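Residue numbering begins at 1 within each chain, and the chains themselves are lettered A, B and C in the order written.
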Amino acid sequence: MTDTVVQPGSGAAIKAASARIADPEQRVLERIAEIRKRKPSLREDAITMSHGAGGKASHTLVTALFGDILSNPVLDQLGDQAVLAVPGVDNVGIAMTTDSFVVSPLFFPGGDIGELAVNGTINDLAVGGATPLGISAAFILEEGLDVATLRRVVESMRRAADRAGVNVVTGDTKVVPRGKADQLFITTTGVGIVALPQRVAISRIVPGDMVILSGAMGDHGSTVMLARGDVDLEADLLRSDTMALHGLTAALLDDGIDVHFMRDATRGGVATVLNEIAQSAGVAVAIDEASLPVHDEVRGVAEILGIDPLYIANEGKLVAIVAKEHAPRALELMRSRPEGTEAAVIGEVMGEPEGMVFIHTGFGGTRVVDMLIGDPLPRIC
Amino acid sequence: MCLAIPARLVEYVDADRMYGKVELGGVHRRINTSLLVGEDATEPGEYVLVHVGFALSRVSETEAAETLRILEEMGPAYHDEVQQIREWQAMEEELVGANYRDNNGTSA
Amino acid sequence: MKFADEFRDADLARALGARIAAEAGDKHWKIMEVCGGHTHTIFKYGIEDLLPSNVELVHGPGCPVCVIPMGRLDDGIAVAHEPGVIFTCFGDLMRVPGSDGSLLDAKAAGADVRMVYSPLDALKIAQQNPDRKVVFYAIGFETTAPSTALTLMRAKAEGIRNLFVFCNHVTIIPPMKAILDSPDLQLDGFLGPGHVSTVVGIRPFEFVTNTYHKPVVVVGFEPLDILQGVHMIIQQIHEGRCEVENQYKRVVHDDGNPKALEVLARVFKLRSHFEWRGLGFISQSALELQDEFADYDAEKVFSVPGVRVADPKACQCGEVLKGVLKPWECKVFGTACTPETPIGTCMVSSEGACAAYYNFGRYSRARERERVLASGDRPDANGNGNGHANGAVAEHELRAIPVQAR
């Protein structure tokens, strides 16, 4: 290696030598960044559980298969909800979203499949700034399912719908032979109206925006994991956080807060939502580890099982990207409501490196937070 | 899968002390405790190292405190060290700079 | 969390980093850690950012998933496809690529593959499914082997006949010796595997100091443990000592855990040789079941292909495992080989160097370099600027750069 004869400690020396040291590694990192920007392709011949985890594999399946074949201007946006124009109407659009629920077990502390089905779909409308008008519910029932169980689930849906002030207005039922469905699957579709042009949109996200999380992460996934009984863990205080968030989102928007974007964090956890945001908006998201709200029991479960709470599913939490000046007010408003008592500003949006989410650790270091790979906790939602 | 974490032993669940319950952040787990003998014999309330559902050893509070004490002694030294580093660097710069000037007849 | 948080203190870490920087001098240090758990911690906490650039941590073959050759995994997958089998394994194994897909793919194709967190979970499944054959694919070093042993002893005691173990337990000393014998690496010392040592103690590592004259410090898994270990190695060299030291005294006894060693001896014996990914065949480096437990030995009960499969041409896991290549130096790192499309094991296991670097280290190193390049002058020693505690490190880096352009 040649030595450069320059003033030691000068900017030129640092640059030159750093460049020599950095080159090979930096080239590799840049190459990786380029490749990650490319459109994903589906390589597998068969569907695996990873495709349902909400992480990278799910994302690839949706974009490379469904998105590819069914492509159209509305679908291509891959939002939480689709916004349809009404012929002859300029200022209002129809928001539509759908979600399937296959959680096992059906009942768990804090909720059940019915409650998830109602709240989950309402939330997907709410985060787009839409007012939910009604929900449909389609049931696939396994032959042999206890009617008492079905009754319990539907009663729970009734209560959730009443709490949210949104009715189940239509539905469907199918029965399949024993063994062809695990007791009960529910698909709910939600319809709402949203003012146009849409106030919240991915395109509105800009560097400098603050990232606010509406409460503690990982409650739902951990609860279901323990309820399944596969692991010898007990956590008495742990319960699912399933909850309808349209009251919270409406309050934020009605208050005039400049909310640029919102998304609810379900399968794949908060990490996955942040990665989706970073990639779709072409920005970087920097998170402060110390400000991430996590309940002690979730932390305990996560430590014991070796999982990061950032990847554990939620069912009553949203991530809001808010204009910097409005962040304090947004936080205050969230915390004043039952849906957001533990809300926290967890980070900010930056210009670069594009598409990347990273975390400042309590340790003074930085590390990347990638999208979920694989499926640590299957059939959580 | 070398994941092993310290957790508090809450109680033994059988008379032979083959199984116990540990607690971490309010979460309880049933684990096998048959390796906790001899130097690793543990009483409820103390901590053990848990790995894939088994307690491998007892965590010694006294040893942990001692290790931390040694680490903490480095604390006050930090600022002194940094100060020294700066002084060494300043000295070295001067020397190298001086050499450079001498060899090249130019000023820094 | 007690006994964890105290050893993650950032201020103490910075202090240790500064100490190490001061004492490391100009020498280029190469210290190898041989435990996957250490690799994981180093990247997760960005420990290399706290060390001066002339102190290099080299990652060794300490990831028990990573060292399994493809053929052995294929054998496992073959057993998973046997009728009536419930195949159980730890999560990390599910996505490791075999010649024709992973266990996850086998599951999609109809095999009953279940993730467990303990061999006792496999035992429970066996108890609950008396008409099925439950196979537990056992992996891990001496840390994990006693758990498998105790589970088998329990199965025997309770008369459970439908549990089988496919044993891939390996021991840590032979690969360390293989690395020391290889001319590829010049190491200054070792960070010893803390959790393996809770079982075997620290004496087995004396061959490193006696025969190869390199110091060994057995360390724990929190960031401060690792930093202290690095410091202790540097101190040993400066003081002209060469010994096996125990930094992890809060859980490691010098003589290990006699009961654990006893159950190991009761249930396992050493195989004459075993193939390690990247290191080839090493004698006396892996465990198999004693004759007394032959009825529980999956390799005896099921017929397995037993075919030796070479790693894919592009895969350089072997060199990464030996510490000869850094993850990013592997030709397919991040391009053809990523966590979601892994070619080799190092990218799949949570303890693999490649996975750790891709998931954690990839960003911080790039950013540090940018910061050094962007700032024309020295950053403040207290790490002011971004709240990053890199003052002392960057300073030393700057000092080193003009003197030794690597």
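The working rule: a contact is a pair of C-beta atoms (placed from the backbone, for glycine too) under 8 Å apart; a residue touches a chain by one contact, two chains touch by 3 or more.
None of the values given here were measured: they were computed from a predicted structure.
Undergrad: Of the chains shown, whose Cα centre falls closest to the middle of all protein Cα atoms?
TA: Smallest offset from the overall C-alpha mean is found for C.
Undergrad: If you tally contacting C-beta pairs, which comes out ahead, A-B or A-C? Let me know.
TA: Pair with the higher count of C-beta contacts: A-C.
Undergrad: Taking the mean of the CA coordinates per chain, how far is chain B from chain C in Å?
TA: 18
Undergrad: Would you kindly tell me how far, in whole Å, the mean C-alpha position of chain C lies from that of chain A?
TA: Here the centre of chain C sits 32 Å away from the centre of chain A.
Undergrad: Starting from the mean Cα coordinates of chain A and chain B, work out the distance between those two points in Å.
TA: Spacing between the chain centres: roughly 35 Å.
Undergrad: Residues touching two or more other chains, restricted to chain C: which are they?
TA: Residue numbers touching two or more other chains: 1, 14, 117-118, 120-121.
Undergrad: Give the residues of chain B touching no fewer than two other chains, as numbers and ranges.
TA: As it turns out, chain B has residues touching two or more other chains at 3, 5, 24-25, 53, 89, 92.
Undergrad: Where in chain A do residues touch at least two different other chains?
TA: Each of 8-9, 231-232, 299, 303, 306 in chain A touches at least two other chains.
Undergrad: Hey, which residues of chain B end up touching chain C in the complex?
TA: 1-6, 8, 24-25, 32, 34-35, 37-40, 47, 49, 51-54, 56-61, 63-64, 66-68, 70-72, 74-75, 77-78, 81-82, 84-86, 89, 92
Undergrad: For the complex, which residues does chain B have touching chain A?
TA: Counting only chain B, the residues touching chain A are 3, 5, 7, 23-31, 50, 53, 89, 92-93, 96-97, 100, 108.
Undergrad: Which residues, counting only chain C, touch chain A once they are in their complex?
TA: The contact residues of chain C facing chain A are 1, 8, 10, 13-14, 43-47, 49-50, 53, 91, 94-95, 104-105, 107-109, 116-118, 120-121, 223, 326, 328-329, 333-335, 339-341, 350, 358-367, 369, 372-373, 376-378, 383, 387-390, 398, 401-403, 405-406.
Undergrad: Given the complex with chain B, which residues does chain C contribute to the contact?
TA: Its residues touching chain B are 1-4, 6-7, 9, 11-12, 14-16, 18-19, 21-22, 35-37, 62, 64-65, 90, 92, 117-121, 139-141, 143-144, 146-147, 150, 193, 195, 198-199, 221, 224-225, 228, 247, 249-253, 257-260, 263, 351, 381-382, 391-392, 395-396, 399.
Undergrad: Chain B touches which residues of chain A in the complex?
TA: Listed in rising order, the residues of chain A that touch chain B are 7-9, 231-238, 296-301, 303-304, 306.
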